[in-house]
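Before anything else, here's the structure in question.
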């Protein structure tokens, strides 16, 4: 070899093995600062810091906030949002977005209310009804996924369409009369408690665990990262991208279905608007937690931090006696300030931020 | 280093590669697809309800489309930069409240301060996004709450009626008895902004930032300024949309424009602008806005049953976008 | 001679305005390393891509072990035993090394749809062991260096060995252009090892490398094979001749074109510059002088350049440009003070692929083609045409998307971007010839010398020491973030690279 | 858009033959029981006169409501159209009135209207504006709640969407009741946007904040009241009174079951039918709008407090078609708005 390449310290034992290299700054040379390197990690740390700060401030401001009862209240209030956000996380990991949440939840809420013992139909399917509802949610997700991948159009619009379709299905199922849930088992989800927390909260905890396992140990989860990280490369490597994208949407839908069951048990009847506001909150929670919209970053657990940030903030503002007229403005400012403050010291090391 | 690595090849553009002649026809067809789909939709809907094609009905539709168009055109600039602005609906509401409050003292000139205030609001959001490196999604999410909160505070949480509506007559009248002035204003915005994008470097800068921000920055483009300006434009458009809304509803209210956010983004996408930034344009958004308005209002008028209306809407909007989108240019993955 | 494993007949691929492959025919025999060389745009990559099903040829046949195949994609090509190493961009950045290596072919690491992380790491480790790499399979890919990622790429392609029964064909598209010397040696050792079980197609612009590893070399020009040579019978100069069809005259360093600049004023003075990766760096560059910065990976030389351009933050130091204090702010302010920068990662940092050649060319000094705020499209067209002609940029039209040009032509556009500024005072070149063919390289060398002759100061980081020595008046050597010495490299008295090499390590 | 009430149609009232009349009912959505019942009532009336009601729903989206109305009125023959509209908010009424006036359609609006915009200001086809006295409703249920609490204790209030007059009036009613009962304390007031799920969450938080001090929950509508009932049930708290407004079937069932204390009837089916009936009578000429007293052109409709004593009567709301004879349209008017 006659042209010495940029020289190397170990030119002598060139053919020998390179020293072991783990991740870390030393290995990251050669890249410019605004590459999205670890942006999600910073975001997660930032929101974790913001969460801790918020908890501290509210604890000082209000004794009620520190009470065990309030902890339970926060957890109960976070349950449905958490489950929905777990589902949404899979879609965000793909780099896609899902706007169908409220429609799917509406349709599923009516479905579960009509399938278990209720005031309108003679059915009493119990667990089966719940399972069928989760399956319906998955089917809606499947629809979003199939439409996005087969027609090759942005998920923003397919899911907007599926939202409308879900809403339509919910309206048809509703047909003017709200089915009141009379199934004591489902009713118990919201009212009976185990170790202080409602069953709904435990279901949520289980769902988060399942979500994390899916993310960590299944193809759907791992490929969601691959697709979100670099879809074209995943395709080049022989990953059946369309299939796993669709699967991720379906998984998300199943979680929305479960969320609808939980909400229905809390509300006591089949409500078309059971999911109102959830879509936006779930996206916000995920992004705040570090599951960024660019895809492949963050994950279920990170998103949960975002869920807690939002829930604690809402709870804390009420307890701190902030006027309902001002709450909205205060909440928006706090989210931005908290995230900005927490990222501030490291802002120059962040990648391209969109 | 090889410059044509895998990702380049894997672009969907490779798939339908065809000899020159027919591919040019296809490309042109794709370019005009949004217009074609608009015409097709109009014809289909008017088959069910012939009244839809009357001049009165069309001008009415144009009226409805104008504020949406202005909003959508504004957010197009932000989306082209690769960002998102969730605050436009709330900002339009805030603008409507300001307009209603200021008309008594300022009459028709109210549009100037309102647009300026909203542009400033956009600039502030853009600046926070740049300076603190907070994702635009989060900044504008916060902005959304803040502007709504301020609108609630300024209006005393109620509707502010405009008694002297003649002051805003210019924004809601028929020029020559037929042409809706709101549409003319909206198109004026599009033309002016379009000219700026086309005849000054701004348009290229926006596209460069959207396509490849690192490269744009290293070429010495004023990336931060471009992004802040984009948010400013988006804010200004939201302000103008707020004024148009007041002219139409004779009052300002803290939730007046909220519901226009999703349709505005939908209009951008239906027009064929990539949600990931870079590719797209304002004129596409104009057609997108018309399609969205047609679907939003047209469907309820052809008398479909409850429940089926949203289903039709969902199906049609999916069909519309699957036909209009230019798959060779837009990174359709997201 | 045994039957070829892979043969190609009359392969043709046309793009609008270019014929990338023009009735190309070639073959690969068992256990053979075939070298492919050719100018930028000769069709090498297109050929390789059509062999893994990424490009659908317009005409021609591809035969694998005698059987004609229509390849549908990488996965399909893998199943018939053809695998390709792409550049570093073909790894998923947010996944671990192990996942990347096994992506899409996890085999026993995924049982019943469930990931078994331990098996995953073991399997990945097996692949890494094949090339003697000790990269941690659990590391996230975006924390690796260029070279490490390249190694992971190679490890990844070797997984096809396990997937097929016959002998695979491994296609390597410029695998060495971003590798350091010992890594190249490792790769070559691996190619030798591979030869026992597979055939290899190897593309490189470094002719000596090609001669070193190949059993047979095809020379490509304009989408056709123009020569098939036996490496043992030729040397790099012959190849060079074959490639560009003209004599490469002059001394080894072609340094006769270099101009003296002794009396010139100091253009750039750097004092005690510190960043995250370098400390208290001081040096100066005169107007018309080319100063090379040498150093191994981690020496901090890239940091210095980027800090000077404002692309990364500096934590201290004083810089003057023409004796005026020069604030290290942003690339924008640097550009406005007459500084230019050619980044090493051209595809992501240098060009905006979907935008036109004209737009890419005029973007940094768009003021040149504006009257007030208004773009003058005619004037821009004139300017672009001028530079396209002057630098011999091969493009169907100024409106062509720059992403479809060959690397050398892209790089010329990036250089032209800075050259249109008459007052360019300092140009920072970060590996400007990466991935360029010999012809394009000498074009770029000539451009750099022209620039210096016109009085521009040039700061140069380079792929090879020889290149740097040839172009520079002086070489600043860095080690561990500090300047260790400065080596004069005047015309006619160029030092041996070893002199600098010793200081670097 | 005319800025004041000069109708472009001839001012001589209706001369439409019944079969030319188009009946249009517009509500927010058909996905809540109250508005679904409204449309059903409208359908029943339409059927009684041999016509069909066109349903329009706008999903709580003001812009869409405007667009729909305008577009619906852009057709031909709109001089014989009758609209029974629930404006999304106060701000939406003016443009709806203007659009109807321009098209010459007969219009009845309900619930939301700015105070300074009135049918008698020259609108000869805006037959009437009907609403319930929100202040009175809020007051009635507050009294019922306080009575149930035994005249003392703490109350938490769930407000509706803050910038609607319904929310503000009802809350004013609560405050009036509170001023009469100084020993009852308003512990907290929060908005839950008329939404059941939101009410559930807000109540949950308020219950931890105020614990056993909470003796009653005052909600600005039944949906929120039902959400509060669920929150109480989940928290295992009993004996806290909950009141709402609207008399949706589920609330009436809850009152019968004892989990809710009281509600106030807003008679959805009647509202859906009466608006169409007024317009119909005006269009056919059986009702001369000019003859209608101002007190009847913007009036509070009669409302009833429903508690355990009379819940059974309201369980199955039925329309009495006699209410919609042209002569008895204003029988439920209890007085002018103001």
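A few points about this structure:
Per-chain numbering from 1; labels A, B, C and D assigned in written order.
Operating definition for what follows: a contact is a pair of C-beta atoms (placed from the backbone, for glycine too) under 8 Å apart; a residue touches a chain by one contact, two chains touch by 3 or more.
None of these values were measured; they are calculated from a predicted model.
Under the contact definition stated at the top, the chains bordering both chain B and chain C are A. Chain centres here are C-alpha means, and the one lying farthest from chain D is C. When the interfaces B-D and A-B are ranked by how many C-beta pairs touch across them, A-B comes first.
The centroid of the Cα atoms in chain A and the matching centroid in chain D are 37 Å apart. Averaging Cα coordinates per chain places chain A and chain B 27 Å apart. Centre-to-centre separation of chain A and chain C, using mean CA positions: 40 Å. Across the assembly, chain B contributes 6-7, 10, 152, 157, 214, 217-218, 306-307, 309 as residues in contact with two or more other chains. Within chain A, residues 32, 35, 167, 170-171, 230, 233, 235-236, 325 each touch two or more of the remaining chains. Residue positions 54, 86, 89-90, 311, 343, 345, 349 of chain C each touch two or more of the other chains.
Screening every pair of chains for touch gives A-B, A-C, A-D, B-C, B-D.
If you check the complex, the residues on chain B that touch chain A are 6-7, 10-12, 82-84, 128-129, 131-139, 141-146, 148-150, 152-153, 157, 213-214, 217-218, 262, 265-266, 269-270, 275, 277, 306-315, 317-318, 321-322, 325, 327, 330, 332-334. The touching residues of chain C, counted against chain A in their complex, run 54, 73-75, 78, 86, 89-95, 99, 103-106, 110, 113-115, 132-136, 138-140, 142-146, 148, 151, 156, 176, 179-186, 189, 206, 208-209, 212, 236, 277, 294-298, 302, 306, 311-313, 343-345, 349, 462-466, 497, 500-501, 504-505. Residues 1, 3, 30, 39, 54-58, 60-64, 66-68, 70-76, 89-92, 94-95, 98, 114, 116-117, 161-163, 165, 168 of chain D touch chain B in their complex. Of all residues in chain B, only 1-10, 14, 17, 20, 199-201, 204, 207-208, 211-212, 214-224, 278-279, 329 touch chain C in the complex they form. For chain A in complex with chain C, the touching residues are 1-11, 13-24, 26-30, 32-33, 35, 37, 216-219, 222, 225-226, 228-230, 233-239, 296-297, 348.
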